[in-house]
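Below are structures written as structure tokens.
Same chain, two partners: chain A is paired with chain B first, then with chain C.
Entry: the complex of A and B
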């Protein structure tokens, strides 16, 4: 699959997909979306990159192995849940608040943050890690 | 233990899974971590048991602080606590066997994380108070078991793993379909809330077939007649320890869930018990009898033990069926359930122990075909002693644990005048003894026959295996000699299951509003 056309297109597709994944992730707390879908989108981007540039290039791009990514994701998800226990609330109880972000038009944008988002980041990492790892394994079998 | 701390039953195995993923390929570290987490698990289970058992109190934690019928409740009552206690001990014993007996190849890949995640699924099933969440817990457990089926990866194993995965997938589809239908009919999946609806007699007739279908789902997982066919065909391909883990936990989770669902949740709904009870009793009789006949006819240790699982499940079913039989007094119902709980606990320990013994026999003799091996009494005298105790316990010889489990069930059967099943249970018991003696006399007692099997010339290292087996035999002996104390715990558990008023109140709170009076608008969460 190492064609010039795909390689050129991938330079645009991968960053765009990753940005889109982030968009879905941040939107996901109240609207359709969230860590799971964002993880899938990010994984697709990474796999497309792997298709055109090969496994070695993908390895250089990722900060750690997929296995570690899954473990970190699970740790994040678990620790957000445990956090609530320290203040005497049930596991997974979340809290939220608002941040006012400046925009270009001068008005401020009210962004609602929630501690669930850290949990969701964990889900994101697990899904990305699992999908990339699985496809990598399957591709190895084929070749 | 405070109510919110019951989540430690889920945190500990999950943390174990994460840590062993991070310690990939570092066997010593994984082994060390595993034993640490499993010990922590036992301590938590003991703390949980001490918190609920003396007074029969119930600890409830609402996940994410969402109120009861809407969120997911985790509930620790005496029944759950007993199951958690036993399963955590079984897990430690199997783990000791695995890490010291298995070669690097068998412990490779994701063996360690899978082991912890399997425990996560099992403990979660024991703890959850929500029907859909139970499905999720089952899936976690099954996913881990699918992958563990391939530990060692022999061709035979892969062939049978395929059947196992396929059948369990069908079971899962049925389960989630039932959950969906129930949610559509009742508007809730919280077990306490469904119990409340069943107790108030508001259960619609249309949910009767759905619940009857649940017999299929859990029956398949527990391997009852006629849904048992997958079990004898798959378990015997597993290495002894993995077989022990599956035999000790997976089918027993099914039996536990049956007690929860058919006795506690729907036990008060006449329309359901009148169908389910004869179904379970009939199936129990056939299951226990045909299972043991199958065991007697087999010639391989692992095969005999695998088919025995089925036969033993029959006794548990008998207890459950009696508990919801028509026109049976409250005391007899409690007795039947307590007997079933005692029997599940006894069986977890003893069955797993026998599988581990079978694994070690294989290592000593180089085969587990009874027609080829023999004379193990001289080669491994301590193994022979431990095997004998476990086998006699399974057969139900007094004063060992199996005797008391069966005794209670038989008395409950006589009190409720179900004579046929009592007679079958007694006959089955005799055949169980026969099949255990078969392993004993061919494997341990008689001199080696035929010399077509090469006995290993080097004595295998069996330290870990013996440690695991000893732990389980000590548990089995304590259940036999301390039967009264264990039975009292089972009775406390059974009372709260047969009369779930306290359970409903603990989960839903004192002054909860019945769900039907709340309109959707009022209950919708803030945007």
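Entry: the complex of A and C
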């Protein structure tokens, strides 16, 4: 719907939603969220953008096609699984740990990492790519 | 030793890796593409050589756990047969990569598409050759089917090529499924999941083993094109010649023979059916293939049928291994036989493709081809040199190989004195005769003085079998024949120079019985085998010059697949499956619902009145439930409203409101993850529904039939679901296999997840090969035994839901996103196809399709099963806004 109200609102909503998607992706391991739902949120944001600004604008906004996004996502998820094989552990075995980042105040900041973050990023990309790609494709068909 | 396994795994994956690498360089960079593609098989060769030098052939590599619960491990078997195949696949692979450059010339697009497919196939073949674990073997086995489908159906615009590719795929993958069943059955029955393990354990002649053997042999026979499945192999000649040369000389079709070769030490002497099944089948294929080959005119078809014949010979050879001669298995230098075939058949295909490239592949049109120009002379000479190998003439490797095969028959006869071997001797002679005659006819046609009239063949370059593209000149053009010449030279090197064979290939031999040295032609001495050869040659020369069998002959088996396909899609499909597959959603959902209720009743023994309120259900006080009442009332209201709404779009909206209310319920009862997911899913599915609905034709108003049965089913399903939900939260589940660190029992799975989501409270030390999933810490050095790791089930997260998704059940998630990716691929391809042709059409069907305009929207209710035609949307839509159409319709209705 190319209405002025929606277009204006979308300008604020879409970046916020994308940031929120990243937030729930990064926080997913500790707080409600995760790659799947983050991917959905991002996808909905992108679809809203597509609804109000059209498919060309969506193309300009995305760094790569949805097809590439799905491919990269699957590759990431698979490679975290295969990575475990190289250290002699079964497929998809995960690990996690902490990084201590020094801060200016002298106390170190503890940052937790987990190998499943990469897996989750893969899930994120696949979900976003699939949802956006499917809806974009069908919408073109209706058009 | 893990390192040895990794070296072999690297050799297997190297071609695929290089093939994928060629995809990321620009299309026009042909030479760079060639170099990268060449690096694949060369790296594989180098790694195989390194492995051979460092560890030696037959070195027992360590198993690496991949998915131990599915019996899938990286267990490799680098014995003589496996290593020989690996060397053969990568060695011929190098030649084929070079040849493809000559064949496709400067056609950058074809090369861009060709190398990744070829490299995937190469990896699959290397994997088949080196796998020891059944599941790993099957994985690569199916990969060969898939990648060969891509290669055979190369000309995807040619519906005949696509059909032939499908035919090859259906036959070989169908056989592969039989083999999968056989291998799983064998693994479950014997408890051994590797071939070497089975060999060590041994098997007895029991019915289960017999069934396993039959199933496995089914896979081998279809792959190796044994009768009556031989039709797929000549059909696969629709592929470009590099593919034919690779698949049908050295690799894919040999896979079946290879499987039989893998299992003969285990099964041949045990199962009486081994010789009884394999020898007659192989012998029939051997004679029949040669008989058809001589009556074909297309060079590739001729060589395809001689391949069928040779595969029959190799099968017979392994069939004969069931007998014993002088206390040893009756199998003489089987690797030599396989190698010999590759060494003359690959050049034959390569040069046939080259001749088809510069002239035509129809033999009658090639009369006097030799005298055309300099290239023609070179091509003819090398084709005839390879053809001499086909005829098994003296002073070639082929001659010795054929003698050995005859010796095998003779030995089996000498040991058993069974009259059944006389037909086999006759079959051997007949095959030899046909092969000699084919060579004579090739030679006489190509070398005959040309008639001045028939010289026009020079101009008919646009032969249907060969795509039109820019031709290559100069050094690259010689790649059309140099790989073939290189390969065929080994036939003569090994046939003429003493000890050359042993130095080059002999050390890979897996059954070096009876001969201390590789026998040369002049070692042949009078005996039944030599008489057989001499009779075959005399008869062959006579047949070659005679006028017999000069008519073209169509193999009646060619119709088998077409008939099968027609039966399945036209008769059996619509009648039998159509009875179940009504194409009516109400029927499907209704049957699922009825089955659910029936299963529930069955599981409680039909005692509905005996159900009691389960113990342990805690009821919240009404006050705390109050906000939930509102939301559930909304859900119920929407649910009751749903059947009364007729319009599809409105129904979707009502359904959506139901979903939104449910997500509110989730939020209320402290499941924000689920609430958020449900909310997003509702939005996405609402949009998807509306988009798809707007593509459907208008729905005429229909009064609902069967209202009361439907209501009864709905109420019953609701009651069942309510009961299941109620009991699942209250009743104690079966005991969990997990124990706490101090030995206590963990009652619920949910309990286990909660305990271990962040910090692994139930840490324990286990063997590395017995665990699956979970988080693992390597212990400090020397703390535990070498193969032990510390199972540390903590996922490092406080959000249990997410830890379950990405960690405890990570493999499920992996599968789910793969399914998602495949679904979207399906949408993209189908919609693209629809856009191009205006409708879905099945290129594999043997009939023309109705034009899209002929399809009545009323036909939509029961689409024909072989092709689905959906009329193009005809709604008025002129705006730039793609969603307007949908929204307006839903609002208007």
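List of remarks:
As a convention for this text, the second predicted complex is superposed on the first by the 128 of 143 C-alpha atoms of A that agree within 3 Å, B and C clash if a C-alpha of one lies under 4 Å from a C-alpha of the other, contacts with A are read in each partner's own complex, and residues count from 1 in each chain.
The working rule: a contact is a pair of C-beta atoms (placed from the backbone, for glycine too) under 8 Å apart; a residue touches a chain by one contact, two chains touch by 3 or more.
This is a predicted model, so every value here is computed, not measured.
When the two structures are aligned on the shared chain, A:135 is found in touch with chain C, with no touch to chain B.
Look at A:29: by the touch rule set out above, it reaches chain C but stays clear of chain B.
Of the two partner chains, neither chain B nor chain C is touched by A:10. Residue contacts after overlaying the shared chain place A:94 against chain B and chain C alike.
By the touch criterion stated above, A:68 is placed in contact with chain B alone, chain C being left untouched. Once chain A of one complex is fitted onto chain A of the other, the partner contacts of A:46 are absent, as it touches neither chain B nor chain C.
Greater residue coverage of chain A by touch, when chain B is weighed against chain C, goes to C. Of the two partner chains placed by the overlay, neither chain B nor chain C lies in contact with A:76. Annotation: chain A residues 30, 67, 70-71, 74, 78, 81, 85, 88-94 touch chain B in one complex and chain C in the other. The part of chain A that touches chain C in the complex is made up of residues 1-2, 24, 28-37, 40-41, 43-44, 47, 51, 54-55, 66-67, 70-71, 73-74, 77-78, 81, 85, 87-97, 112, 114, 116, 119-120, 122-123, 126-127, 129-131, 133-135, 137-143. Looking at the complex, you find that chain B touches chain A at residues 4-5, 7, 10-11, 14-15, 17-18, 21-22, 24, 61-65, 74, 527.
The part of chain C that touches chain A in the complex is made up of residues 2, 64-68, 74, 672-673, 676-677, 680-681, 683-684, 687-688, 691-692, 694-695, 768, 771-778, 789, 794-799, 801-803, 805-807, 810-811, 813-814, 817-818, 820-821, 823-825, 827-828, 831, 834-835, 873, 877, 880-887.
Interface of chain A with chain B (complex): residues 30, 67-68, 70-71, 74-75, 78, 81-82, 84-85, 88-94.
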